[in-house]
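I've put the structures underneath this note.
Paired with subunit B in one complex and with subunit C in the other, subunit A is shared by the two complexes that follow.
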Partner chain A sequence: MGVLRVNGQDKEFAAEKFPLTVAALLGELGVEAATVVAEVDGQIVEREKFTATELRNGQRIELVRFVPGG
Partner chain B sequence: MDRLVVAGREFNSRLLVGTGKFASSEIMAKAIEASGTEIVTVALRRVDIENENDDMLSAIDRNKYLLLPNTSGARDANEAVRLSKLARAATGINWVKLEVTPDPYYLLPDPVETLRAAEILVKDGFIVLPYINADPVLSKRLEDVGTATVMPLASPIGSNQGLRTRASLEIIIEQANVPVVVDAGLGLPSHAADAMEMGADAVLVNTAIATAEEPVKMAEAFKLAVEAGRTAYISGAAGAGKRASASSPLTGFLRDE
Partner chain C sequence: MTEKVKRATVGIAGLGGLGSNVAIALARTDIGKLIIVDFDDVEQSNLNRQQYFFDQIGKAKVDCMIENLRRINPDVKVEGHKVRLDAENVPEIFAGADVIAECFDTAEAKQMIVEAVLSRMDVPIVSASGLAGYGNSNAIHTRRISSRLVLVGDGESGIDSVKLLTAARVGIAAMHQANAIIELIVDGIKV
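Coming up: the complex of A and B.
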């Protein structure tokens, strides 16, 4: 089993389902990658690096996107 | 109307529009269109991973409008810098509306943290448009560190109170060497026209458009007001006087004196 802290919440994954990349995590969560920017342990991960960025047990992930605002 | 130039980039419109508080993305898109704006602000927030919904901003054509991310929610300089970097990663451009508002009640910007964040961001290559209280000294300090504009508030965000900071805005406009964008609190087109007549280079409006009964029509009203105010400003207003000054001839009356 593995855990990722995603947007402040712990997400548990069975060992065989642990998302190995940022792209896999987004797929698992059902989040459209095209509009998202990620931070992994405080480091920004650009969209084009989602598939190449590997994840490890215990990492902190932030997934953010633009929303309406003034 | 003459063009607005910010950081070397030219704009035909002097109205910036915020995208918050619209009832739907369709109304938002139509209002943006009707406003004639070329710069729209957006915020950056966590994706709601439990409740994934549509991207509200997909209705905005990013080839037509410059997306100006704000740092709303930042309580200090470090948070603002972090948000700016995430926004840059998301847009691929380096423009940011810097706002640091630790107090949620009046949402007044923190001048110390704003200046600190501006210095860091300018050094990092950002084009920084800082939201500030109408403080002429802070305006100069921000200009000195290299911000692209200053964005002093007219009154608290979303309050629709109009130009409560008039005297300070006049000093900021008089002294500024960067565009002055009057932001926050403009509740009516007349407020926007007033700011433009004073010599503001642009205004930013969100709540007054988004929460009007007819946001699309109100967007057009603000467009016209900004154009009227700017045109009046460059026309050189005639001064006010205490006494009457007849507009019709004071001779040739149809009576015998």
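Coming up: the complex of A and C.
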């Protein structure tokens, strides 16, 4: 089992889910990638790298999902 | 506070309900320079929340905002760009800015500029998400996501679900943005 701290909350994932990519994490959470900015341990991960970026147990992930209006 | 604000340059991406209000608040605070960007013209439907006048309908928002800002505070330097921002031109157009305000309307454009500023520049960005509808003023808050990203809004009220934008609630979010920008300029980026 692995734990990721997503937006300040610990989320557990079965060991076989790892290596879990940012794209796969968004899939697990049901979030549309086109409207998300992701930071892993305080570093921005560009959207085009979501499928290539693997997350490790214990990492801190901030996902900011934008909604329209301005 | 005043001297730091007078020396600062702020980039404003989008001059709609958020951007037009942020620009005016910063001009009244005697900001040194604004770099304002929008590709659109003023439409009558904008006047329910955006800081333009009836006689400006049909003109470029950038030109109208330059005129309005000059009438409010002629000491503020204003550089206007009538272009569509993308990940490539963001660093060029906002070169020299100390802080950037994300004031777009679509979720995809908000995503694009926040990602571009965080990955391609070294200045902070103050973004807004979740400000549609009316009432529930206190659900709109300012959060520091990370050292260079400040996020304003309730996080969920989009124009896609709540089919209404009002001067009051968009204005609350815009003033949160302007206030966060002043705080970043005066107190610096706290890690």
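For this structure, a couple of remarks:
Definition applied: the second predicted complex is superposed on the first by the 64 of 70 C-alpha atoms of A that agree within 3 Å, B and C clash if a C-alpha of one lies under 4 Å from a C-alpha of the other, contacts with A are read in each partner's own complex, and residues count from 1 in each chain.
In the analysis below, contacts are C-beta pairs under 8 Å (C-beta built on N, C-alpha and C of every residue); 3 or more make two chains touch, one makes a residue touch a chain.
Remember, it's a predicted structure, so these values are computed and weren't measured experimentally.
Of the two partner chains placed by superposition, subunit B and subunit C are both touched by A:Pro68. Residue contacts after overlaying the shared chain place A:Gln9 against subunit B, while subunit C stays out of touching range. Once the two complexes are overlaid on the shared chain, A:Val31 sits against subunit B while remaining clear of subunit C.
Contact with neither subunit B nor subunit C is seen for A:Met1 once the two complexes are overlaid on the shared chain. Using the contact criterion defined above for the overlaid structures, shared-chain residue A:Glu39 touches subunit B and also reaches subunit C.
In the three-chain superposition model, subunit A touches both subunit B and subunit C at residues 35-37, 39, 44, 46-47, 62, 64-70. For subunit A in complex with subunit B, the touching residues are 6-9, 29-32, 35-37, 39, 44, 46-47, 62-70. Contacts from subunit A toward subunit C in the complex involve residues 34-37, 39, 42, 44, 46-47, 62, 64-70. Residues of subunit C touching subunit A in their complex: 14, 16-19, 103-108, 110-111, 114-115, 118-119, 127-132, 145-147, 149, 151, 153, 155-162, 165, 170. Interface residues of subunit B facing subunit A in the complex, by the touch rule stated above, are 18-22, 28, 41-47, 49, 52, 55-58, 67, 69-70, 72, 85-87, 89-90, 157-158, 184, 204, 206-207.
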